[in-house]
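First chain A sits with chain B, and in the next complex the same chain sits with chain C.
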Partner chain A sequence: MNKDYILGVFKDEESLVEAFEKVKQKGILPFEVYTPYPVHEILEGMGNKTRISHAAFFFGLFSAIGILTFLTWAATISWPINYGGKPTNSFPSFIVVTIVATILSITLLTLFTFSARAKIFPGKVPEIFHSRATDDRFVMVIDKKSLGENEESVNAIITAHGEVE
Partner chain B sequence: MKDQLIVSKKFKTAAYILIGIGVVSFALGFAFDAKRTWANYLLNNYYFLSLAMGAAFFGAIQYITQSGWSAAFKRISEAMVAYIPFAAVFFLLLFFGMHSIFEWTHEEVVAEDHLLQHKSAYLNIPFFFTRIVVFFGAWILLSKLLRKLSLKEDETGGLDYFVKSEMYSKIFIFVIAISFSLFAVDMLMSLEPQWFSTIFAAKSFIAAFMHGSSIITLVVIILSRLGKLEFLNRSHLHDFTRYIFMSSIVWGYFNFVEFMLIWYGNIPEETAWFVHRWDGAYKILFFVNIILNWFAPFIVLMPRKTSRSKLFIFPVIVLLIIGQYTELYYIIWPAVVHEAKFGLLEIGTFIGFAGVFALVVATWLSKASLVPSKHPYIEESMQHHF
Partner chain C sequence: MYNSAVRGRLIDGNKSLGQISEEILSPIHAKTPVWWYLALMGALGMLGFGGYAIFLTLSKGLGTWGLNNSVAWGWDIINFVWWIGIGHAGTAFSIFLLILRQKWRTAINRAAEAMTVVAVMAAALFPLLHMGRPWLFFYIFPYPNTRGPLWVNFNSPLFWDFVAISAYLLISASFWYFGMLPDFATIRDTAKSKIKKAVYGIMAFGWTGSSREWLRFEGLSFVLGGIAAVLVVSVHSIVSTDFAVSVEVGWHTTIFPPYFVVGAIFSGFAMVLTLVVMMRKLYNMNDFITNRHIDAVCRVLIFISLIMGTAYLTEIFVAWYSGSPYEMYMFFKNRLTGEYALEFWTMFISNAVIPQLFWFKKVRSKMWMVFVISIIINIGMWFERYNIIVTSLSRDYLPSSWTPYSPTWVEVGFFAGTIGLFLTGVLLFFRFIPMIAISELKSVAKFDKPQKSVKHANHE
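Take a look at the complex of A and B:
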């Protein structure tokens, strides 16, 4: 039992979604919803559009340009070597390295961005609202401050579909 | 059947006029330049067959993956597959143009070339046409079977037909993968029989798949403009463009791998093909191909917003229609015609074949209800949303 939050715990997707919609109709946006798998209505209802894909695109764009520039600079200006009569600027063969290294940099940079935004770091004490939120239960977390005078009715909505804990 | 498409008189007349233009330019072509005319014939023949084969592969994949979203659109791929028998006739007519196009059919050339003698066990006219007959036989047989099951399902419903279709689809993709690869080698790669490239067949295959699925999307868009397929929503469009996007990346990859390895390996048997395509118009076409078939779809269809809006999808499809043409032109012309000639003959024959293809697709679309109402996944398909 948490002092600042109401936890609605549901056994299946349908009851969670129904309760979620009703709570939203009251003008209350839940603080967070934990589901074992992505639930479309919740993703849309929570209204948090992720921008990580945009970030990933620009990481990719800049690392691709950077890697290509570096390879060209290294092979033509800094250390030109004759490999079997090929021109020093052997662009097609740079592409392979660029693709692979770009994928690596996108992966790592996106991981770091995500961790920074979600405030996740090694050794962090996990915030777990409910012991089965990481298991098979659907948990809706509502901030008590956002409730105002609706606490009774929200409790009623949740108990109609699941349990309040 | 409420969702019946009725092919309008106007459309039919327009298609016949296009076919007429094609026939006229084809006939006139013989009067001026027979070799170039046969090259045109091969190009357009292969072009529209590749669309039909791409659609066949698309349809088979939907059954094998038991996709729910595409169930309502399966009539469109079926209608495109109905072009295969027509292509079979056209390809058999190629018999009269063999000597104009294929170098290996000339006995005096083969007699002087040790490599061609070595290859002549495979590349000879009787075996060539046996292959055409066998391949087309298998394609027509399997596609007719699938079509029959799909029409029967419309009458009685139930799961049996779906299970059977899935079975045949499994056979079909293996048949397509092997036979269409060999077919592409026969029709395109053997134009320059001294050349070796292992990935060529895979590249042709993925090009067929990409352009086939883009034409399916085009037909869907056109039908929705005509007021059919009212349930079409942005999620469907997104799923269609995923196919285009994915296959354009694979095409770009194959195209690059083919070029890069040949460039790096620098073996004369392989590089010759690219060397005589490395000047003038062909050099430009080399880059145009990459832009049209990989770069444009890749960039335009990447964002979520553009990949689900007809406003952006339509121009990409138009670019891809041109892209498949330039791609085949780049393969066929340097081998057969040598000079990069493009004129009324090319436009005329393309228009003619496009008329046949459009007429076949429209006729076969109108032969059955546009939406397979008793498909087990039809509800899921209509409600598709993500």
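Take a look at the complex of A and C:
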């Protein structure tokens, strides 16, 4: 079907994972694997790492500092207001807004990071290898260039667990 | 791991992955039923009536409401707190149960999150309109303005509330939407009509289900789940400080934040129950939202109901224990007995007594009874807010400023309008959005099947 890629199409998670591990033992890393839901063996096996939680931590750190600084600056330096003689720098009650606004900043910034890194954004044209990969098929896409002389053995592995398309 | 035999199967009927998507998507692909149009017309009618009430409020002013100098907050704040409480179901379901690794949440969380978004939108209208001049609502943003710049009072719970509600709305809406991306992609890839393919294709943001996308998606859910768990507790705690920080009889207590949070989760779960029982009945989702799911929610409700009862009794006990004549008067002469006794006892019986019927398996397994009790809880929770707000405000320290309060039809119409908004949102959700998180349900479907090898069984 596709000139540059071999598509291994599997009906369930276990067949995919078994075939995936056998293909990897041959020293071949599939180009990409498409699944209807996250399969952890694949996510680990593909060797990609996500640093999204690290990013979120720093978003949180910087927004917390930024928000608290802003609140303190606005209430004590920019325009100090006397509320019944209470101190203008009422640190404890600034914490409430700091927490909530930090959560909001983390959420929005992490979403944008996700959108940028996973390339998921409005108007993106998806590259669909197999139309049932979001429904009930597990699709392993292997670049023919990476196969070398193993093409036949890889085909055999795939057909043992699923189908080649 | 985390898989308990006690809970039973998560999906009935030995469905293949293809069947799961097909059956959940069937309301989207099928012809719209007649009852849906009728219900939508009813909901839009209510929304229109609410729109007229809002128009009167805006054109004539807050004088169209039954508020007065003593009771400056009436149905508006009651309904605000009520809707926000209902809106807690989304985070409670998706995030608390996610953290607790409750797999049965997958069948219900989408509906709970959808409900949250609409409920919070309905809630946000009340403080907005109560401002009197809502077109100046942006004054509440701390932005560099030409009035000094004069900043808002960061110590005011009302400002915290504004931050909490807007953050909650944005976060729950984006959490909900990003959770739907894989399902929109499923619709795009399975739909036959070209229009559906195009529309859901745009909504899917180009999702393909590749390992790179899933990896980051999991990372995102992890971050948002962890961080938004704080919101379950913080939002309603902040709402409660609107009351607890003021020196008002019956409000000025430290029990308020936990009491409000538990109450919010209680009403949210009750509304989820109302909604999923309807989903089962109207769309035949019994295989996904099984009797065991309903049973689990009912059990949670028993527990929360006990906490509610304890909170009510604690309030009364503390009023007596404090020895403050004002507190004693408020609870014993004004709430337990007296002019507002009916509201108090409605609250107490519907929230602390009737849900105890869920102890009986026969009650939990009869859907009409579950439905009726869930509605009773919703009503009871409304009366809880009525009881807190109106009793305290109408009878404050000075008998000379005591005033009775009753709403005008404009306030009632406004409330009816928000119910119309909620129903409209829910109906649109039923029709156009997969009402169960398909990809999440597929990911737990394997736990129903006998495991081939130990390795997979142990892998979450």
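Following the convention adopted for this analysis, the second predicted complex is superposed on the first by the 164 of 165 C-alpha atoms of A that agree within 3 Å, B and C clash if a C-alpha of one lies under 4 Å from a C-alpha of the other, contacts with A are read in each partner's own complex, and residues count from 1 in each chain.
Quick note on the criterion: a contact is a pair of C-beta atoms (placed from the backbone, for glycine too) under 8 Å apart; a residue touches a chain by one contact, two chains touch by 3 or more.
Everything numeric in this text was worked out from a predicted model, so none of it was measured.
Chemist: Between chain B (first) and chain C (second), which, if any, makes contact with A:R117: first, second, both or neither?
Modeler: second
Chemist: Regarding the shared-chain residue A:I95, is it in contact with chain B (first), chain C (second), both, or neither?
Modeler: It touches chain B, and chain C stays clear.
Chemist: Residues of chain A touched by chain B versus by chain C: which partner has the larger set?
Modeler: C
Chemist: Applying the touch criterion given at the start, work out whether A:H40 contacts chain B, chain C, both or neither, answering first, second, both or neither.
Modeler: Both: A:H40 reaches chain B and chain C.
Chemist: Once the structures are superposed on A, label A:G27 by its partner contacts, choosing first (chain B), second (chain C), both or neither.
Modeler: Neither: A:G27 stays clear of chain B and chain C.
Chemist: Is A:P126 in contact with chain B, with chain C, with both, or with neither (first, second, both, neither)?
Modeler: Touch partner of A:P126: chain C, not chain B.
Chemist: Which chain A residues contact chain B in one complex and chain C in the other?
Modeler: Residues 40, 53, 86, 90, 93, 96 of chain A touch both chain B and chain C.
Chemist: Would you mind writing out the residues of chain A in touch with chain B in their complex?
Modeler: It comes out as residues 40, 53, 57, 84, 86, 90, 92-93, 95-96.
Chemist: What residues on chain C touch chain A, complex-wise?
Modeler: 16-18, 20-21, 142, 148-151, 153-155, 159-160, 163-164, 166-167, 170-171, 174-175, 178, 181-182, 185-186, 188-190, 201-202, 204-220, 222-224, 227-228, 230-231, 234-235, 238, 439-440, 442-443, 446, 452-453, 456, 459-460
Chemist: In their complex, what parts of chain B are in touch with chain A?
Modeler: Touch residues, chain B against chain A: 256, 259-260, 263-264, 266, 302, 304, 385-386.
Chemist: Can you tell me which positions in chain A touch chain C when the two form their complex?
Modeler: For chain A paired with chain C, touching residues are 12-14, 17, 32-43, 46, 48-50, 52-53, 56, 60, 70-71, 74-75, 78-79, 81, 83, 86, 90, 93-94, 96-97, 99-101, 103-104, 106-108, 110-111, 114-115, 117-129, 131-136.
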